[in-house]
Amino acid sequence: MTSSLPYSGHFVGREHRFAVRVYFEDTDFSGVVYHASYLRFMERARSDMLSVAGIIQSDAFAAGDGVYAVAELNIKYLRPAHFDDALLIVSTVEQVRAASCLIHQRVMLGDERLTEATVLAAFLSPEGRPRRQPKDWIQKFTPLLPEQNIAS
Amino acid sequence: MTSSLPYSGHFVGREHRFAVRVYFEDTDFSGVVYHASYLRFMERARSDMLSVAGIIQSDAFAAGDGVYAVAELNIKYLRPAHFDDALLIVSTVEQVRAASCLIHQRVMLGDERLTEATVLAAFLSPEGRPRRQPKDWIQKFTPLLPEQNIAS
Amino acid sequence: MTSSLPYSGHFVGREHRFAVRVYFEDTDFSGVVYHASYLRFMERARSDMLSVAGIIQSDAFAAGDGVYAVAELNIKYLRPAHFDDALLIVSTVEQVRAASCLIHQRVMLGDERLTEATVLAAFLSPEGRPRRQPKDWIQKFTPLLPEQNIAS
Amino acid sequence: MTSSLPYSGHFVGREHRFAVRVYFEDTDFSGVVYHASYLRFMERARSDMLSVAGIIQSDAFAAGDGVYAVAELNIKYLRPAHFDDALLIVSTVEQVRAASCLIHQRVMLGDERLTEATVLAAFLSPEGRPRRQPKDWIQKFTPLLPEQNIAS
């Protein structure tokens, strides 16, 4: 049976893999995917990675705790993607601190690396100030971290 | 001196005229402006039309009164626009009711009509329910209406 | 095994069903999904519906035949969607002509109808003129049509 | 008389200044401007900066010469922007090479710096390969460069 629920990607070890089809909306007249569209793809992958790991952003927001916001982003565009391409967004959590997490993401087309980015996401209070993220989130992040970055 | 404030268009009689440059973000790989981009252009024009007429949506939202939302939209795409085109969005208020307003908009490239739409905007409470719009908004709309639609 | 290929929805009878998660990018500050985002959801569903039915737009574009463009769109916004909602886009082909097709689409949240639209898509030559769509597309559309609209 | 042509910003010395109003489309449900929207603002500013300097991207594209694409982007989000804010995008060309240019951009709200980025734009052939940009572009860039970066 085919699901009527949205696809959320899945983990293979520490890597969250999230497939994305390129639609009209993602391209520009130069014939390739518009550079800012990758940021949208990567945020979908991050949101779903967190979700699959049990970190529910919408609950924290509804409870008035706060929300993640991108604080810093570094991205390299190596090769272009095109309409109808089936991309794979591969995301790993590299570091977690009290009020932020650092995520590495790459966009793959088959074996080719198209785009590569690191994203620092900061947890913000509803007023927009940096705030400690919920404690159980830290726990849920732990199995996703590289061994050397797990605080003892 | 050249202004460092954003451009908000201007009225010529009942018509609000708002110029828009087509950028990379607005186009798709087929070489023309993406169909949903016109909705973004038209909302910018509506927001600025209201603003120029003294109807400040951000104040109503901040005060907890409510906000406009599109309730219905009918649009015809007659001819395409391209990267770097200088478009003109021409908007007129056609009707104002207690909790909504009806706006006609066309997108022009020189003398050519590219796109034509009617948009019904409903005023909604913060909970998303239809609500009477602020009384002074109705007054501010009055000079923008066609003569036959002004309630006596 | 979980797929690493993008999700493309599936047919249940004549209905193509396509699930969409609401992400940050789809919402606006008023707290709900931005009205133009539904047009993006609906185009993803249309592209995948055609694809599942064997109509490959990227092949026709690459071959220099042409591409579909939205010619007319009528949409009603009945209820809002919110961040993290799991929406279902239900699409049916209502009519096919030599150079166009008419598609009905509704956006569902569980049993609730949020948005409803009809979209007329016209097949255009690379120069942007209306053109007959590929003959085998007409054939592929036939099983998707309501009985009374199949030309004898 | 008020212009019906789109606003393109202006130079103050080496700085190109480009005002942007924040609309519904630019924000997300968390109440602030969506992080990818700044990339759209910054590309509008870059396109218009080049245009004002006499570098017409649409001509190079139409002539089959090529087009700029973002090759690398580093951005810091310091403070959020909100609906209806009047932002100023300040752009400077920092370096020009045969096939690329490096641009610094900051997004200001009054005296506050909200966002800061460096963008490496590469000139690409229609097939997507790095290519020398048109010679007269290099000349047109020269007066925009910091003194130490002008090749003697």
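Order of writing sets the chain letters: A, B, C and D. Residues in each chain are counted from 1.
Note that in this section a residue touches a chain if its C-beta (ideal position, glycine included) is under 8 Å from a C-beta of that chain, and two chains touch if they have at least 3 such contacts.
Just so it is clear, the model here is predicted, and its values are computed rather than measured.
Novice: Name whichever of A-B and A-C has more C-beta pairs touching across its two chains.
Specialist: A-C
Novice: Taking each chain's centre as the mean position of its Cα atoms, how many Å separate chain A from chain C?
Specialist: Here the centre of chain C sits 27 Å away from the centre of chain A.
Novice: Between chain A and chain B, what distance separates the C-alpha centroids? Give it in angstrom.
Specialist: 34
Novice: Two-or-more-chain contact residues of chain A, please, as numbers and ranges.
Specialist: Residues 24-25, 29-32, 36, 40, 43, 61, 82-83 of chain A each touch two or more of the other chains.
Novice: Edges wherever two chains touch, nodes for the chains themselves; is that graph a line, a ring, a star, complete, or other here?
Specialist: The chain contacts form a complete graph, every chain touching every other.
Novice: In their complex, what parts of chain C are in touch with chain B?
Specialist: 29-32, 35-36, 39-40, 43, 61, 67, 69-77, 79-80, 126, 128
Novice: Give the list of chain A residues in touch with chain B in this complex.
Specialist: Touch list, chain A to chain B: 24-25, 27-32, 34, 36, 82-83.
Novice: What residues on chain D touch chain B, complex-wise?
Specialist: Residue list for chain D touching chain B: 2-8, 10, 17, 19-21, 23-25, 40, 43-44, 47-48, 56-58, 61, 82-84, 86-88.
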